[in-house]
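The following pair of complexes shares a single chain, subunit A, combined with subunit B in the former and subunit C in the latter.
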Partner chain A sequence: MDIGRYIARRLLLAIFVLLGVLVVTFILSHSYGDPIYAWLGKNAALHPNLVKLYEDKYHLNDPVYIQFYYYIVGLAQGNLGVSPSRGFEPVSQVIEQTLPFTLQIAFFAIVMTLVMGIALGIAASFYYKRPVDYGVRAFYLAGYASPSFFVALILLIVLVYYLHLLPSGEAVGVGIFPPHVITGIPMLDALIQGDWTYLGSALQHIILPSLALALTTFGVVTRILRSSVLDVMQSNYIRTARAKGVNERTVFLRHGLRNAMIPVITVSSLIVTFILTGTVFVEYIFAYPGMGQYVVQALLGQDFPGILACTLIYALLIVLTNLAADILYVVVDPQIRLG
Partner chain B sequence: MTEKTKPKNQMSLGRLAFITGDAKVRVNKEMIIGGVIVAFFVVVAIAVTIADILHITITPYNPDTPNVGPLFGPPSLAHPMGTDNLGRDQLSRILAATPNAVVIGFVVVGFSLALGLIIGSFAGFHGGFADEALMRLTDIFFAIPALVLAIAIVAALHASLLNLMIALMIVWWPAYARLSRGETLKVSHQNYIEAARTSGYGSARIIFRHVLPNIFVTLVVYATLDIGTVILTYSGLSYLGLSVPPPAPDWGYMVASFGDSLLSDPWLPLFPGLLIAISVIGFSIFGDGFRDAISGN
Partner chain C sequence: MSLITITGLTIAYGFRDSRLIAVNSVDLEIGEKEFLAVVGESGCGKSTLALSMIGLLPKSVATIVAGQIVYKGTDLVKLDNNELRRYRGTEIAMIFQEPLTSLNPVYRVGDQMAEAIAIREARTGGDEALAGSSSVMQEVHRSDEVRVSRVPRPKKRVSSELKKEAVDALKLVRIPDPEQVLERYPFELSGGMRQRVMIAMALSQRPKLLVADEPTTALDVTTQAQVLKLMKELMSEVNTSILLITHDLAVASQVADRVVVMYAAEVVEDADVFALFSEPLHPYTKGLLSCIPTGSKDDTKLLPIPGSVPDLVNPPVGCRYASRCPYVMDVCRTREPQLVEVKPKHKVACYLYGK
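So, the complex of A and B:
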């Protein structure tokens, strides 16, 4: 099978997975209860006809499959419904405002995770069974075991309140205007237009949330890279390279590390899932205006259209990463057969 | 059948049961360190639960009684973890919340293990449509972050410990089904399975007597490592207020409600957060050690 057909088949499968995600989440979130009282607050008790009006408008009294039908029809037209927790603003509009910020955090968190994870993984394998190795191991165990909201709180107290190193809250400093929209992702737009004031401030604001995520996730990379470097460096081709008189640096970088990196691709979907889950907490704690904060708001307001849309988008991001990882896998490792 | 002729591949279950008796499975340092931490939490959880049933207080103070100490009192001899905004003893509250984490960890993993084993081994053994359907279903569950799906479920069911547990169980079992299926595929081409088939045994008997005992250990090792992950996810949901309703104590929720006191009274969010981390570390270290011991490294 050539790579084009492989990608096409995987894309088709991804569409089915997303449809499945939609069905599962829809059924689970619509299986119980009437959210109308949470939506309308005390108005619900005061105005019975208002309840009726909203129930009719959003088909709340119809069976789940009828509601699902309306949802799918809306979805096909790009309509994700309205978000009661945001004053009945269209969900698609809220997503459009919040998703770019989550993508920014996720991007920086992934970069930091990879940098920390790879550096420490190499360090640990170099100093195998020596103090550095044990230190790295303790560090990633502590990071992995700490909930991201806890790490975020500690960073907040140490770096913001005690050391005054970094600002916290919102995506940029007060009074800084966002750049003109080109891609929709503010930091990228600022970079394209050379808006250094915005970019500088945005960078300062994004370090903490992404660092909190990286600290809880880098262990996944370190752990797998450490053992894979140890494995690879004992293999025959490394011995051959050394026997040929290739210097140790080249042996490690050209022959060792390149092959040892392949298993890291395998855990990429785990990393992305960890980081997306973490954004829910760090955005909430650092008051970063992304989709994670919206999920929490939607949750507290029983805003099912909001929760549903966010779940779908998280799933889309994960499915796309998996697809990218699988393709990358085939590209870097010619031993893998497509099937 | 004498001891000598006992088939080797049926040793798995026996190995697990007599961990210290088998020379191949040496209890290592990690198992001891992790085991001590895990045992501490389990013992506290059992003790607190029994005391709760008998209506006696074994924690230093009653966890829900206000003004047993000063308001926002820092850690002291009388209150090693300080007191909260209502003057409740924080150590007692943390201890009282231990059963939540332990029960959720074990129940969610236990349920997922049992259901995953049955569904996964059946699908792997029979193949065909059931197998295909299961794999596509697990694809769907793997595409959604567990926490986000659990949020959607708990939001629909309303917050309570039981609903949180149900949500986590719905989200958690597919990973076990997929792992069981993979392991079943590995063993189902072994000679002893072929032999059982040739002997004319039914598939139920082969699955229960020959497949399950041989994939059980791998699954249990995974499950041990997984309990920590369940506790992490649960603490996240608890942080968002989706666990027991207040005033009952819960680790994640305690971190959330005292997040604002971080500067003035750091012990309030720090101790519950640390306890979450320590419990997860305990299960991770124990699981790592257990895996090494089983695989003979």
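So, the complex of A and C:
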């Protein structure tokens, strides 16, 4: 199938996925508590008129499906509503400010996960049943078994509190101004404009949160790659390559690794989900001004528009990752066709 | 003159708590331009023997305990893996039983053949590092990348010289439309085609000896016949010796000049193909022959050999065939018979014929 048509079809399907996610999230978030008290706090009790005003404005007394109707109509016009947990600031504005930071963390965490995961996976399979292999296995199991907030705290204590190697939080050092907005993603903008002061500081600040995520997820890659390499290196075509007189390094890199990478693509798309969830915790711990912090705030404040918008964005990112993985399959394995 | 001489080769498989001798002091000689078939049942050690000749035994479990494999004056057993690699492909090539899985699924046929040819060229050009370490395949691709980028299915990905030679090799194995086949992935070809590609790839390296381990077992009967016929024809065309490993005496009879029969890790008979079929000496060979349906009318009953293959972890004392042999004598159960030449060029390991 033609790749353009394939992508178009998948994106069309994604609309239905997102709609489903939206319905479920909407119903769940509207199924408990009285949001007006969360929104207005003490004022709610003191000013019944104010309550009435807000209830009418945000259709809080209408049935859920009517409220959903209003939300969808707004959404279709590109209006994500306002965010009560952020002083009724437009949701789109909050997202615009926070999402780039989450994307930064997610990107670095994914890169670190893949680099660590693949390197250690290769090392473990290369030194199969030797000390390196055992060491790697212990390391990834420990990481895999620990929640990211726990790893984040350990990193904080060791690298920041005792060794003073890295800053403990925030996205960039105090007094450093962000670069001019081009893409909206600060580190990318800094890179484009050659703003090395900002980029350097931002890199220092992003190491810990993304490392905390990578340490908990790289094990999945290592584990899959290790067993996949061991499996592939037993296969008949590897024997054929050796019989042709190909040297062992080339046998491994050219004939083994490419085939062994196929299952890694599968888990990588799952890892993105892990990492996106994980950003919520590490952003909170490292005071990183990303969307994860906003999600927590929105959840606690019964901020429906905020919750819905964030959920939609996460869902969209995951859908896109899966699409990318499916396309990557076709690139790596000619036996797989789009369709 | 012999190309490869194996003497007293003994190969053991070590498992957690047992040791299995898969090949027990085997002597074998392959002449130049000779078509030799090694015949035996599953598990008799014939594949192990074949793999040992190019050093592809699974290192974690198999070890060569004793013996020599002398190829052109060099004992291959003594070489380390890296030295041995220089013999693989261009001196001794091998094709395998499983044509369906023996080609790398993610590379085009042309790329895999180009790799083989490049290795040969680098070796004959004396610059092996080029073929071995640098990425021949990638280089081959790079030259055409610009042209390729817009075409949905690249027509040309193999540099012209390598491609021409790959096409010639495919023509040699009678593949129709070879240019097209070069662009295919292995999974787009039939089993017979894949085995032809394997043969073409092996022969493109111009080996002195082609070891074929059950090359036709996975193929259907008509394809099997074609592939065998092809191998027989090619032998004279490309000046190579062939060692065919098979469990099928009928297959051996169709193509081989000489047949070696193995039973329970040992060679029991070694004879010219006509002598072996007209006048089999060893009771096992006789037994095998009476198991082949001939298609004639009195063929109503096949005579299977009674009993089963002995346990190679604890092999019996004396002749390993004794428990199944209709001519068994007392001496057979006490001392192992040696392979002796009882007629010109006809060796057998059996007390029925002298010692």
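Simple rule for what comes next: the second predicted complex is superposed on the first by the 331 of 339 C-alpha atoms of A that agree within 3 Å, B and C clash if a C-alpha of one lies under 4 Å from a C-alpha of the other, contacts with A are read in each partner's own complex, and residues count from 1 in each chain.
Keep this in mind: a contact is a pair of C-beta atoms (placed from the backbone, for glycine too) under 8 Å apart; a residue touches a chain by one contact, two chains touch by 3 or more.
For clarity, every value in this text was computed on a predicted model and none was experimentally measured.
S.K.: Put subunit B and subunit C onto subunit A via the superposition and say whether they clash or fit.
M.R.: With subunit A as the common anchor, subunit B and subunit C both fit in the superposed model.
S.K.: Is A:A315 touching the first partner subunit B, the second partner subunit C, both, or neither of them?
M.R.: Only subunit B is touched by A:A315; subunit C is not.
S.K.: I'd like to know which partner A:V296 touches here: subunit B for first, subunit C for second, both or neither.
M.R.: Only subunit B; A:V296 stays clear of subunit C.
S.K.: Considering only touches as defined above, state whether A:S235 meets subunit B (first), subunit C (second), both or neither.
M.R.: Only subunit C is touched by A:S235; subunit B is not.
S.K.: Under the superposition described above, what is the C-alpha centre angle at subunit A formed with subunit B and subunit C, rounded in steps of 10 degrees?
M.R.: After superposition on chain A, the angle is 80 degrees.
S.K.: When the two structures are overlaid on chain A, which partner does A:I285 contact: first (subunit B), second (subunit C), both, or neither?
M.R.: In the superposition, A:I285 touches subunit B alone.
S.K.: Which holds for A:A243: it touches subunit B only (first), subunit C only (second), both, or neither?
M.R.: The answer is second: A:A243 touches subunit C but not subunit B.
S.K.: Would you sort A:L28 into first (subunit B), second (subunit C), both or neither based on which partner it touches?
M.R.: After superposing on A, A:L28 lies in contact with subunit B but is clear of subunit C.
S.K.: With both structures superposed, pick whichever of subunit B and subunit C touches the larger number of subunit A residues.
M.R.: It is B that touches the greater number of subunit A residues.
S.K.: One more residue to check, A:S146. First (subunit B), second (subunit C), both or neither?
M.R.: It touches subunit B, and subunit C stays clear.
S.K.: Examine A:I157 and indicate which partner it touches, taking first as subunit B and second as subunit C; both and neither are also allowed.
M.R.: A:I157 contacts subunit B only, not subunit C.
S.K.: Looking at subunit B versus subunit C in the superposed three-chain picture, what is their shortest Cα distance in Å?
M.R.: Minimum C-alpha separation, subunit B to subunit C: 15 Å.
S.K.: Which of the residues in subunit B end up touching subunit A in this complex?
M.R.: 136-137, 139-149, 151-153, 155-158, 170, 228, 232, 235-236, 239-242, 252, 255-256, 259, 262-263, 266, 269-270, 273, 276-278, 280-281, 284-285
S.K.: Report the residues of subunit A in contact with subunit C in the complex, numbered from low to high.
M.R.: Interface residues on subunit A, with respect to subunit C: 235-237, 239-250, 254-255, 258-259, 332-335.
S.K.: Can you check the complex and tell me which residues of subunit C touch subunit A?
M.R.: Contacts found on subunit C: 54, 56, 81-82, 85-90, 93-94, 96, 98, 101-106, 108, 115-116, 119, 123, 132-133, 135, 137, 185, 187, 198, 201-202, 205.
S.K.: In their shared complex, at which residues does subunit A touch subunit B?
M.R.: These residues of subunit A touch subunit B: 13, 16-18, 20-21, 24-25, 28-33, 141-142, 144-150, 153-154, 156-157, 161, 269, 273, 276-277, 280-281, 285, 295-296, 299-300, 302, 304, 307-308, 310-311, 314-315, 318-319, 322.
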